[in-house]
Every structure is written in C-alpha cells, then in structure tokens.
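Chains here go by letter, A, B, C and D, matching the order in which they are written, and residues are numbered from 1 within each.
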Amino acid sequence: MIQLTLIQLDNYGPWTELLGVDRESDLQILQADIYADLQRMFALERGLVFFNRFDNMLAVSNGMSIKEHEVILRSVARRYPVSISMGIGSAESPFEAQVLATKALQNSGSAQSETRKSIVAHRTDSNSGKAYVQIAHIDINGFTLHVTDRESAYQSTYLIYSSTAVLMRMFADKGALLFFNGGDNFVSVCNGLNKSDFEEIFNRFETSMNMNLKAGIGFGKNALDALSRANEGLSLIRDKKTDEVIILNEEEML
Amino acid sequence: MIQLTLIQLDNYGPWTELLGVDRESDLQILQADIYADLQRMFALERGLVFFNRFDNMLAVSNGMSIKEHEVILRSVARRYPVSISMGIGSAESPFEAQVLATKALQNSGSAQSETRKSIVAHRTDSNSGKAYVQIAHIDINGFTLHVTDRESAYQSTYLIYSSTAVLMRMFADKGALLFFNGGDNFVSVCNGLNKSDFEEIFNRFETSMNMNLKAGIGFGKNALDALSRANEGLSLIRDKKTDEVIILNEEEML
Amino acid sequence: MIQLTLIQLDNYGPWTELLGVDRESDLQILQADIYADLQRMFALERGLVFFNRFDNMLAVSNGMSIKEHEVILRSVARRYPVSISMGIGSAESPFEAQVLATKALQNSGSAQSETRKSIVAHRTDSNSGKAYVQIAHIDINGFTLHVTDRESAYQSTYLIYSSTAVLMRMFADKGALLFFNGGDNFVSVCNGLNKSDFEEIFNRFETSMNMNLKAGIGFGKNALDALSRANEGLSLIRDKKTDEVIILNEEEML
Amino acid sequence: MIQLTLIQLDNYGPWTELLGVDRESDLQILQADIYADLQRMFALERGLVFFNRFDNMLAVSNGMSIKEHEVILRSVARRYPVSISMGIGSAESPFEAQVLATKALQNSGSAQSETRKSIVAHRTDSNSGKAYVQIAHIDINGFTLHVTDRESAYQSTYLIYSSTAVLMRMFADKGALLFFNGGDNFVSVCNGLNKSDFEEIFNRFETSMNMNLKAGIGFGKNALDALSRANEGLSLIRDKKTDEVIILNEEEML
C-alpha cells in the first residue's frame, strides 16, 4: 500500500484574476514559494512533493497522519494569500492511490469553489496492505554532453517535456507515476513494477525518442528512504561501477 | 528585436552528487528558491523568467543591461551554494534569440565544466532592430470544469505536459517560444506572429488534443508590459465580454 | 529539565569579507532566509527558534533528538553557502541550559574557526529531571495607541530595544531567558518562575521604563505547546475578559 | 537631503490574533520572509531596509520614486496574507527624515486601522537640498574572540542589545540613526556627522560598555553605494592596514 496526497490551491484561478493584469511574475514567485515550503515540511516527515502543475501538486505521504497534513495546511494558510486543500488516498498501485486522493478532494467541491477551503479529504478505508514505497530515479544518458552543451536551450527543454509526456503515459499504463524533477531527471513512484517493466519502458522510450535512460530503483517505508536507495543505485551507474542501466536495490525490500 | 537570457546553474549535476543520497527534497527546495529569487529580481527590471528545466531557465530581458544581469548573478552567488552563469542573445525572432543566448554560453564552457563559473556571456552585436516584446497568455477552455474536477490529478497533468510538448513544437516552427507556466496556463514569447498564426496553431491543437485554447496577445517594450496587455485581452475572453478566442491588443503596438 | 540549542553560522564573519564590499543587502536576505528556514524545520518538531543575533540563534528543542538536529543541519548545508553548527544543552533552568549548549559548541572550536563545520555538539549527561517547557508571551500595554501611532518609528524602536535589554537582564537574574520577537512582543523561556517573579519584574520594568506589561504564561512538553497555552492567557487579557495582567495557565502544568 | 521610508504591516497585531494560539512559529517565518523580500526589492533600486521591529521597518530609499515604492508594495500584497503601507520622508538629517516619514503614515491612519491598507503616504515638499547618503558600518573589536567564544550565547546577545540601545540614543542625539544588523554589526545612517562626532560616541560607548568600536564611513548617492564605501574603510581596519579605528572614505564625498 502507498499513500498519496493531492495538494490543490483553493479557488486559485479566479483569485489570480483579482490581482490586476501585471501579476504574472508575482504568481510565479508565489507558486514556487509554496512548493518549496511544502517540500520542506513534507520532507521532515519523510514525504516528497512533486511540483506537477504548481496549482495541483502530488506528494508521496506514507506514514503521515491526517493531523500532520493539517499542521502543514494551516501553516500555509497563515503565510500565504491563498489556502490549500488536500485529498489523501491509499492503494496497492500508485496510480490508484492518486485516483482515490483526487476523488476524495473532488467530492469536497470544485477546485474553483468559493466555499471549499482548507479541507483535508480522505476515505476512512482501513489499509490492509503492507505500507511501502518503491521509487525510481531516472535520467537520460549523456544529456548534458549531447544536448545541453550542443542544442539550443529551448530544444533541450522540448526534448525533456516530450520525454516527460511519453514516460508519463508508459508508467501510467503499468499503474505507476512519473514526474519530471528538473534538469534531465525523472522520479517514478512505481510500487509493483519489476526490472523487466523498466526494461520494456526504456526500450520503448529509446525507440520513440532515440535517447537512452538509466535508473536506480529503491524501496523503503517512506518516500525519502526509497529515493535514497534509488540514488545509491543510480550513482553506481553514473560512476560506471556497473554495466547495468537499471539497478534495483533489493537490500531494503520489505 | 527581442533579448533573451539563458540562466544555467554552474556544474549543477556533479555538485548534486556530492550531497549524499538523501538529497532530493533539498534539491527541489533549492531549485524552486533560486527560480523564485531570479523571478523577483528580473521582474523589478520588467523582465520575466521561465522555470523551464530549473537548472536551465530562460528569461525575456529586453532593456536589461549586462551590468543589471551581473548584479543578479552576484546576488545569487552570495546566497546559494551553487552559482549561475548567463548567456544573452538578441534577434528578430524569439527562437533565434535563445539560440544566440545558448551559443554564447556554450562557447564559454560546458554546463558541467568545473571552471566555468559566474559568467555573463554575450555577443557585442549592435542591435539595429527596434526593441519590443510580443507575448501571448494562453489557457485551455474549461479545464477546471472538464478535467481538474473530473479526471485524476495525474491524468490532468499528463494532458498539460502533452499539450506543452505539442505547443512547444508548433510555436517553435514559427520562430516563437512556448512555456508552461503552471495550472493550465501557457505563455508564448511570439514576436512576429500574427492572429492567423495563432488561429492555425489553435486549430491544429484542437485536432490533435481535442481541447480548445484561448489567448490574449500583447506588445510592449519589455516582458511585463507585453504580458499585462496580453492579460487584458485574456480577461475579456474569460469574462465573456467577447466572442473572440484570440484577442490581439494592438493598442500598444510599437 | 529544558533543552536548548545554540545554532551558530560557521566562520560567518570571515566568509562575509570574501563577498566584496557591496554585500550587505545579500547578507541581510541570507540571514533572514536561514532563520525562517530553521524556524520552519524546528516548528515541525514543536521547537521554537529565536533570531537572537542572526549569526547565533537560540532554540527551545525539548523532545528533539540529535538525529533530528542533524537532519536540519544537513538541509541548511545543502541549500546555503554557509553551514551551521549546533550545541545542545539541558538543565533545570533555561539560563543554565543555554550555558551548557554554548559550552558544548565552544569546546568544539571557535565561531570563526576554519575547520569547525557542521558540528552537533552535546553532552551525554543523562537528564534525570522531568522534561517540560514554561513560556511567557509578553507585550506592552497600548503600545500601538501610545507609541507607534504617536512617536517616530525610530523612537518606538528605541523604546523596544531598551525594553529588551532591561528585560533580558531581569529575566536572566531569575535563571530565565527573554527574547524580542518583533512588534512589541517578547517571549520568555521561564521554567521555574512563578507569578510573583513576573509581578516583581513587571513592577520594576514599570518603574524604570514607565510602560506596563502584560503576559500569558503556559506550560507544555515542548515549546509550541507551552507557547500556545501562553497565548490563550494573553488573549484573555487583550480581549479584556480578565482584570489580571498576568495569566498563568496551570491547566496543563506538568 | 536623505529619503527614508517607513514600511508598516497593516493592522498586523489584530490579524495575528485571528490565527489561533499555535501561531508564533508561522508569524516568525512570515516576518522574516517579508523582510528578506523587501530587502531584495529595495536592493535592486540601491536602497537598504532595516528589520527594525519587523512589523515596522525603516529603509533608506534615496533615488526611489513613489512608483517604485508602489511596485514593491503591490508585489508584497499579492504574495502575503498581510499588506504593507509606506510613509516616505526627506530631510537634511536622517532623524528628521524618519520623523516626516512616520508622520506622513500616521496621518493616513493607525497602524491598527481596519481601513488603512496598501497606502504610500508622502509629502509633496520639493527637496531643495542635494541628495546623498552617509552610512557607517560599525562593529565591536574582538567580539568573537572575547565574547562569542567565551561567554554564554545569551550573555553575548545581551551585550549586543544593550549596546544597540545605548548607540541608538547617542546617534539620535546627533540627528543620525543606528540599526543593529546581526552579529556584532551596526549600521548608522549618519548624514551630517563628522569624524569627531564618531570619536565622541565611541569614547562614550567605551566608558559605559567597556568595549571598543571601529567603523568605516562612506558617502554615496544611494544607500548601497554609501555602504560599499563604508565597507572598504572597515575592511582596512579589520585587515590591520591602518591604525585608525574610524575610516572616513572621503573619496566619494559629494
């Protein structure tokens, strides 16, 4: 079982319209500040937040209680001109967990409701499965050498966003989630996927995008433990201490 | 003529590897903090920064001098554990301007060079053309109602990233740039495009993605002036004060 | 028993000299950012940080383990150009606890040592006493009405800094600590003080400064619980629901 | 002539009461964030903000227009749950300038008014004098060696706050302003003071506090230029390249 949290800015679109037309730079600062802030607070509980669309963020929140979510929610409400609401979902697959998290929040009202505000929505389902997180840290081979240092900045970015869209679909097809994390880095929340799933995705990616991926995969009770294990694997590949391109760190498998 | 600035974190990838395996949340906070900070500083000079890939950001910097770039660069270097370098380019088309900005920086060394550090790279070309910025603020019709409030958060995000990749290509084909700005919002830096270019892109987008776009387009001496004009147009459409889906605010056309 | 943590920027003075002469605004931003960041991280563990001198901060850290301190220390080291070290001390009186925290850190090297870096220094004393925190939230009666709205901004500030110095000494004489927290607000960490201690201090303060104080005093297992209780008391006085000027909230006394 | 700006959080005290009793850590973060943010924005216009009491900040704003103040004010209003108002004053002496800045703001309403919000208050006086800023950067000799590394953290802080109060009064008596800037550093805005004024203050300080001060003093068209010159002088003393303890950098004297 994995627990995911959807974090949504309350009634954000209509609120931005109230700020006048010369607002965009302030909105960009605000969005980045809120994301950084949430990341800091979730990280102390060993969770991990993905910036996603900035007005809708997804977090792996295994082990975090409703109360811990509420503390974070209130801290944001006190320090920003917009409030946030959260939906929490748990399931065997990461994809299903985010579906449940989304439904919980949607059932509480629209993202542009004027009345839904500072809600933590969740099901009271007893989670019978064993809680764990499986995470992969993925990057593109030689991207700096072959792309960043050669192509235009926009072209490099285009390749990354295209890759993100392609990978998001491929991972979703297997019940996993894929997030772009900056640079040429992707993080997949991938409970239940095995090495051959990754090999299949990486092969299909190479065929369609003509670039090669590598990945470290880790397991843990929470997001940051799992990602740390994943990073250990990826470092082995980056440092050429292995010929594998997918290192599955089973040491901590639960 | 439009001036674009590429902002690149110096030797960022190798540096992150030095931080140990449990680093990801700190990197995410750092990246968002640096972006917010740059946005704040560029905005005071009426520039606009796009987060892009976070380790490589692009900014519209019309009217900003080399010295103003250096002040920002030094302020970052003093307050963060990583430094930034910048490349500046000017051209008639936004696409060409970012090509020149990228080349200027690439000529100074690799993004993963251990020696290139805190550089402002630029050509001394005299810019003979008239300086101006054309910007479009674009969003997807009814996205909250039809997608955010109905589909799973991941599916909504997938549609946005797919749309971004599709639009990035379409705008680049016309010499313009397209950036995802959070939510269902896109900003295009689009000097030289006319209304029919937008109609063509929006039609092709509708065909391939089955979603409809709307846009306000503005002109100005700098990024924020142009974007403010664009927002005026978009507000007219959002408030249903017009039946058009593309409002080109020619009032301030230079 | 109360646990206090001294947080010190490593070799900060000499480092600032390396930044060139036009550095002050960046240093002020950096100092405020680090403080805000530490506050956020300590708060999630129910601790409370006082900005103090900014390069030397004091925190009430009851219940926080060495490992939790180290997580915070590493997060700062990864995101700022300066690192921090910490000294932790526990004692019956807050004053003695900060003496022990300071000594632990001083024994590890000078504040301007080039080699002491990212240290968590602490004694291994078994703490036999019962852990609790007593905190008072204090403000000056009618300060906005009589001072902020009438006197010059500088004169108002002078009265606050003078008051702070006077109160710091009075509380220290009783083994307690007093911090200025912005506005006309003071927070005292005051394990062991009773209501008559406060009455005595407030009377002496009135005599020397010709201003009247009021306070809520609370108890708790950690800083934020104790301060919340203190705020409950202070609100009663501010809302004129009591004639007392010192409310000692014994409900939660341990 | 020097221009000073008083920045006041609107109706801050009553607002904080609405946040519930467990609010203090969030308020501390908020206050530090707003200060850092203002510093960043003023610095780009070569101004300098002093944190002062956090809910009331003072800035040297020479050369900054009303419009530039308004841009900053609006950016804060869009990104924080509290708004700010500003009063601007100009005079030959810094002390008089802050008196005028305060009066302008006080005339617009109380700091705790529910209706005064996002105001920029100023007189329309024509400033006939020549605009310049004189700033001194002051520190205490050997403070790290003799105090920080030897005394308890609280005792060190007590000495700094006592020194601040003493110096604030001494400088005010000469029409200048003195601010504590962290560590053992003070910044004085001191238009009109000459070297003998500093010698007199430093002698009186040594007599009353038994600690010795040193200072670099600089002049400039704006705060940061003047402070940079002051830092040049202080560096000479710190590096023992002079036997003087007060370096008045006349090179840039206007």
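Convention: a residue touches a chain if its C-beta (ideal position, glycine included) is under 8 Å from a C-beta of that chain, and two chains touch if they have at least 3 such contacts.
Keep in mind it's a predicted model, so treat the numbers as computed, not measured.
Novice: Sort the other chains by how far their Cα centres are from that of chain A and give me the top one.
Specialist: Computed centres place D farthest from chain A.
Novice: Pick out whichever of the two, B-C or C-D, is joined by more C-beta pairs in contact.
Specialist: Between the two chain pairs, C-D has more contacting C-beta pairs.
Novice: For the interface formed by A-D, which of the candidate pairs B-C, B-D or A-C is equivalent, sharing more than half of the contact pairs by residue number?
Specialist: It is B-C that reproduces the contact pattern of A-D.
Novice: Taking each chain's centre as the mean position of its Cα atoms, how many Å separate chain A from chain C?
Specialist: Measuring from centre to centre gives 37 Å for this pair.
Novice: Centroid of chain C to centroid of chain D, CA atoms only: how many Å?
Specialist: Taking the average C-alpha coordinate of chain C and of chain D, the gap between them is 22 Å.
Novice: Just the number, please: Cα centre separation of chain B and chain C in whole Å.
Specialist: Those two chain centres are 43 Å apart.
Novice: Of all residues in chain B, which are in touch with two or more distinct other chains?
Specialist: Expected reply: 23, 25-27, 29, 33, 40, 43, 75.
Novice: Enumerate the contact residues on chain C facing chain D in the complex.
Specialist: Per the touch definition, chain C meets chain D at residues 6, 12-13, 17, 21-29, 31-33, 35-36, 39-40, 42-43, 48-49, 51-56, 58, 95, 98-99, 101-103, 106, 110-112, 137, 144-145, 148-158, 160-162, 164-165, 168-169, 172, 177, 180-184, 187, 224, 227-229, 231-232, 235, 238.
Novice: With touch defined as at the start, can you tell me which chain B residues reach chain C in the complex?
Specialist: For this pair, the touching residues of chain B are 19-20, 23, 25-27, 29-30, 33, 74-75, 77-81.
Novice: Note which residues of chain A are touching chain C in the complex, please.
Specialist: Going through chain A, the ones touching chain C are 37, 40-41, 43-45, 71, 75.
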